[in-house]
Amino acid sequence: MGDILNVSHLTKRFSGLVAVDDLSLTVKERQIHTLIGPNGAGKSTTINLITGVLKGDTGTITFAGKDISAMPTHKIAQLGLGRTFQNIKLFGAMSVIENLMVGAHKNTSQGIVNFLWNTKRAKDEEEKMRAHAEQILKQIDMYSHKDDMVNELPYGLRKMTELGRTLMIDPKMILLDEPAAGLNPSERQEFIQHLKDVYDSGIDLFLIEHNMDVVMSISHYITVINFGAKIAEGEPKEVVNNPEVIKAYLGSRFKAE
Amino acid sequence: MKSRKNIISIVCLIAAVILPWLFNSTYYLSLFGQTLINIIIVFGLNFITGLTRNMNLGTAGIMAVGAYTSALLSTRLGLSPWIGLVAAILVGFLIGRGLGYPSLRISGVYLSLTTIAFGEIVRLVLNNTTSVTGGAQGLTNVPVFSIFGIQIQRGIPFYYFLLLFMLLMFWLSTRIVRSKWGRAFKAISDNPDAAESLGIDIAKIKILAFTLAAIYAALGGALYGNLMGYLNPSTFNFDFSINFVIMLMIGGIGIVRGNIIGAIVVTMLPELLRFLGDYYQLVFYTIAFIGAIKLPQGWPAGIASLAKWIARKTGLKSRKEG
Amino acid sequence: MKKKVLGLLLAVSMTVSLAACGGAGTDTTTDTSTADTSTDSAETSAPASDVLRIGVAAGITGNAPLEGERMQQALEMALEQYNESDGSIKIELDVQDTQGTTAGALNAVQRCISDGCQVILGPHGSTLVLAVGDTVDAAQVPFISGGTSPNLLDQFEYLYTCRTNDTYAAAIGAQACVESLNATNVGIFYCSDDYGSGGMTVASEYFEEQGIPYSAEAYNTGDTDVSGQILSLMNSGADCLFVWANGVDLAMISRTMYQLGCELPIVSSSSVAVQQYIDLCEPEWLEGWYGVGEYVESSDREAVQQYAADFLEYTGETGELFGATYYGAFQAVIQAVELGGGIDSASIKDGLSQIQGLEVVLGTYNCDDQNNLMHECSLIQMELTTADDGSSVVAPVVLEQLSVDY
Amino acid sequence: MLNTILQLAVSGAALGFVYALVGIEYSLIWNATGLLNFSHDKIITLGAYVAAGLFFTKMGLPIPVSFILSIVVMILVGFLMATVVLNPLRKMTTIFTIMGTILFGKMIYELIRLLYGSAPFTVPGLMTGTVHIGSLVIAKSNVYIIVIAVIVVAALQIFMQTTKTGKAMRCVQQNKKASELMGINVKQNIRITAAISSVICLIIGFMVIPLYTVSLSMASMIGLKGFAAGVVGGFGFLPGCIVGGIVVGLIESASVLVIPSVYKDAVAFLVLIIFLLIKPTGILGKKS
């Protein structure tokens, strides 16, 4: 069981402010890993570095054995690193199933010229995409909303649509940016259950989250960062009782008894 | 529901087929020919300005290059207009890629300035390379197409030729818009970050949109040369490019069927308003202006929602009485 | 649901716009159905009515609206005067706007043809004539235009030109440089549009024949600064300038030449003799310019004085070249109907070909075998005189009236 | 030869200041509303027609009176443009903002043609004559344009720094939401900006009459070139427009020495494209 994602000595400065400070972490296959830390600890900068939106000053990132530190975002995604967004980025002008089918774009092989005259192959590929999307919609029981326009759906269903769309690129690992944000407790439970199903289907998960009961209920391994640097790592139970972590979260006034 | 839509399409097709027999003076035939060519060009423009929301105000420039490439090949080198068409496609492909790259770095107003500058440069170059393009004197007797030796005369035969061409391009662009390509165009304009996170290479898709549009425009240019029989650089000016965007807006941005309606309305309207004498340009631009502000979703959709609104109003009243 | 409505609208708008298009009356009363039953090839246009319908393809809108406006005014005046003086033929003017573009000109001309016009005046400008020529030839409708570019000569069977062709006018100008100003090195400055480049080609050929070195500089319509071009011409060692430009740019060109202290003698195209454009310039800018004059308001010919007075009274505007050109064309049509013996296109065409010695504003029409009616122009020079209120005024003075058959 | 080069430089720079003024007038609207006013060349033409056509020719008023009255008319035109075009368009996508202003320009063009006819005319004796600097010559109106351009930029800077409306304009420029919260009536502020821009258009239109005479297409070329000046100098940055204008003017007139003069305009458009691709913020522009 090798590691799927390896970040070593990653640093990123924004004109003086050190957003990510010599961070190293490893995400093992078949192990749900969560990155936690107080607000402004550098979590979203880390995601942007991993997904290629930002380029690190130093350090390397490897995913599924390949060095992706200098790779553009769409190439990293093509390697199988899916992601969801904190503030759900969907294609408003399209229906749910169309959103998902955009996800399948990278897996299709037909070029534009072939598409124009080879109508049979075009039709087959379209059907294949549609079937794949419907199968995933059934998996996340969103099939009934197949043709609804995305911007007319409630928040919870939009989150599910985004998850479904990420699944469409057959990811090896999905990077979830604060999945629990904006969900009420019952929606949260349901969403976590779906995440577990996704994990069971063989896809690794790497969460960025600061809602502790979500973290505790799903994570196998936790890394804690504060001011861009790693301050603790390990099993959820160990990490929660680690005085450094408590101090970082609750501030120095609450000394560990 | 599906069958009703097909009936309407068939009705339109029949209308298009019997049209030249109803109005067969050269004036109407040339007008219908111009409309069909405008429809083809607006199909292309729909990919850039319609789906990827990039503003292209240089369509006339692309059309001019396509027209002159095809016309010069057939008049100077005596090649058949069919080779001219293929050459226009190639030229359109090259321009598409050329114009596509700026759209990666800049967008919105800046991109529109680039396309305007491109259009002006093309017109100036064509106007002043007199030895090659005939310059301001223009290029005369551009030949007509012939299939297996039979010449397609300008007039009714050429109208049907253009009609077939338009239907082919309509079929292609409907297929593209309804396919993964159409979705990709909409995706990168709606939310580029999300599209990138799904493995879509935004640069490739943007350039594809520009290339498709440029090929449609160059093809339209070549056909325009054959329809008119005479080309002059002064025709392809800034106003020409604007008209295509007006057609797109009136028909409804991103709607392929809307492109057809937009092109018909904008090409026919000035001729319809001729009876206004001196004022018809002012009236035409005022209508287009009000349309731009009040009916951004396009006139058909605007009228449809108006119809629904009236239906709801009248429906409400009748329910109250009933 | 939206798709279905769109389809419906497509059908409705297509058929409605076309039905309306067919029925929409043009500003002259035409019989309702314009759908000719004849086959599209030999398009005989004249419905059997006794009305002579003169089509007018004028650039009312677009980038050169002045020509269109003056054309329309002069022809309306000519019709009014004809109805008062003679009126034996019932005449209607069918004015269509060419929008100053090739596509617009084609639409306008085809509109006139489908309205059943037996003769068409315009479109003005060689580019537009080249664009519509084949269509009008196919419709076998004679059309008279003021286009002067050399490549209009024997290009279209039904085209008659009513202004001296550049081959002749530009040649007169070039001749003036060489003979009257004995130039040894000429600098040509021309507008890059069809008019300017036409004049330049003729002049450069003439200078080559005469073995006189020349250099050429051009500017584009709408150019805002020509000092660069004029400076390079002044430095080119030219001892005479040949300027072939449109009237609107005359002010900019003459101002720049005056400011840069260009002392070289100048021979200009006919726009220098048109009062409209002279008014745009300060008198001292144009002092001493030679020019090829077609319409010279100060000319002592009675027809010119009469036209200038009538036009001022009818429109309140000063008479000028475009109006005078088509005023003459109208008279040519009247004479052609008499000579040809009928108001149908064929007789008008025969009539036009027989026109000899018809006195008009620009000179006398003599139709040659290339269907050119006008062979005259005058060599003029701009003379600076002080008006009675002490201010200086510049006006063209006719040096000699020249005519030749080419 | 040196004299020619110097003369070209002088004419180029003089022309550059015309482009600079054009750059200033549309930058005001660009900063205030984020809209590029594609109808600006028609408003310049309208300014010239109102001053020279309506007041001077038709009503026979002396030049200074005509100019003052035209300022009032152009302020109203500015208000009209803001209410009918700018404010409604502000919230729409780029395609509609561009097309809205283009079509508004077309409407103005046709209105002018219908009201004033299409014959070009001029204002005799308006800023005619030239100024000689050694052997170099520069039209008097160009000298005025240079002076006016500098005054306008200085006046605008002072107006924006000191006066209440001026400061409000800067707030609206940066953040409309915040300005509204601070009690600035954004719509009214945009109307004032549009009015100022229209008055500058009048100044340009009036100043170029001796150079280009009053005609329907007098401002179309300087309109497009004004965009080039803005992009080269720094879009929306007023002093940048002057630098940009001069650079474009100089490059244009210098090109006559190198390539056939007919491609002079094409050179200016090429410069526009190159700057748009390499440095869209322009020479002096800040990163927007």
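We just call them A, B, C and D in the order they show up, numbering each chain from 1.
We adopt the following convention: a contact is a pair of C-beta atoms (placed from the backbone, for glycine too) under 8 Å apart; a residue touches a chain by one contact, two chains touch by 3 or more.
Everything numeric here is computed off the predicted structure, so don't read it as measured data.
Chain pair with the most C-beta contact pairs: B-C.
The most distant chain from chain B is A, comparing centres defined as mean Cα coordinates.
With centres taken as mean Cα positions, chain C sits 72 Å from chain A.
With centres defined as mean CA coordinates, chain D is found 51 Å away from chain A.
Remark: chain B and chain C have CA centroids separated by 34 Å (rounded to whole angstrom).
Centre-to-centre separation of chain C and chain D, using mean CA positions: 34 Å. Residue positions 61, 192, 218, 220 of chain C are each in touch with at least two other chains.
Under the contact definition stated at the top, the residues of chain D that touch 2 or more other chains are 110, 260, 262, 265.
Shared interface positions of chain A, defined as residues touching 2 or more other chains, are absent. If the chains shown are joined wherever they touch, the resulting network has some other arrangement, not a path, ring, star or complete graph. Working note: touching chain pairs come out as A-B, B-C, B-D, C-D.
Note for the complex: chain B touches chain C at residues 1, 4-5, 8-9, 11-12, 15-16, 19, 22-31, 34, 124, 127-128, 130, 135-138, 140-141, 155-156, 228-232, 234-235, 237, 252, 255, 257-258, 260-261, 264-265, 268-269, 271-272, 274-275, 277-278, 280-281, 300-301, 303-304, 307.
Residues 61, 63, 65-66, 68-69, 192, 217-220, 222-225, 227-229, 231-232, 235, 248, 251-252, 255, 259-261, 276-277, 279-280, 282, 317 of chain C are the ones touching chain D in the complex. Residues 51, 53, 72-75, 77-78, 82-83, 85, 89-94, 98, 101-106, 108, 112, 115-116, 119, 122, 125-126, 129, 165-166, 168-169 of chain A touch chain B in their complex. The part of chain B that touches chain A in the complex is made up of residues 172, 175-176, 179-181, 183-184, 186-187, 190-191, 193-202, 208, 212. Here chain D touches chain B in the complex through residues 36, 88-89, 92-96, 98-100, 102-104, 106-107, 110-111, 114, 224, 227-228, 231, 260, 262-263, 265-266, 269-270, 272-273, 276-277, 280, going by the rule given at the top.
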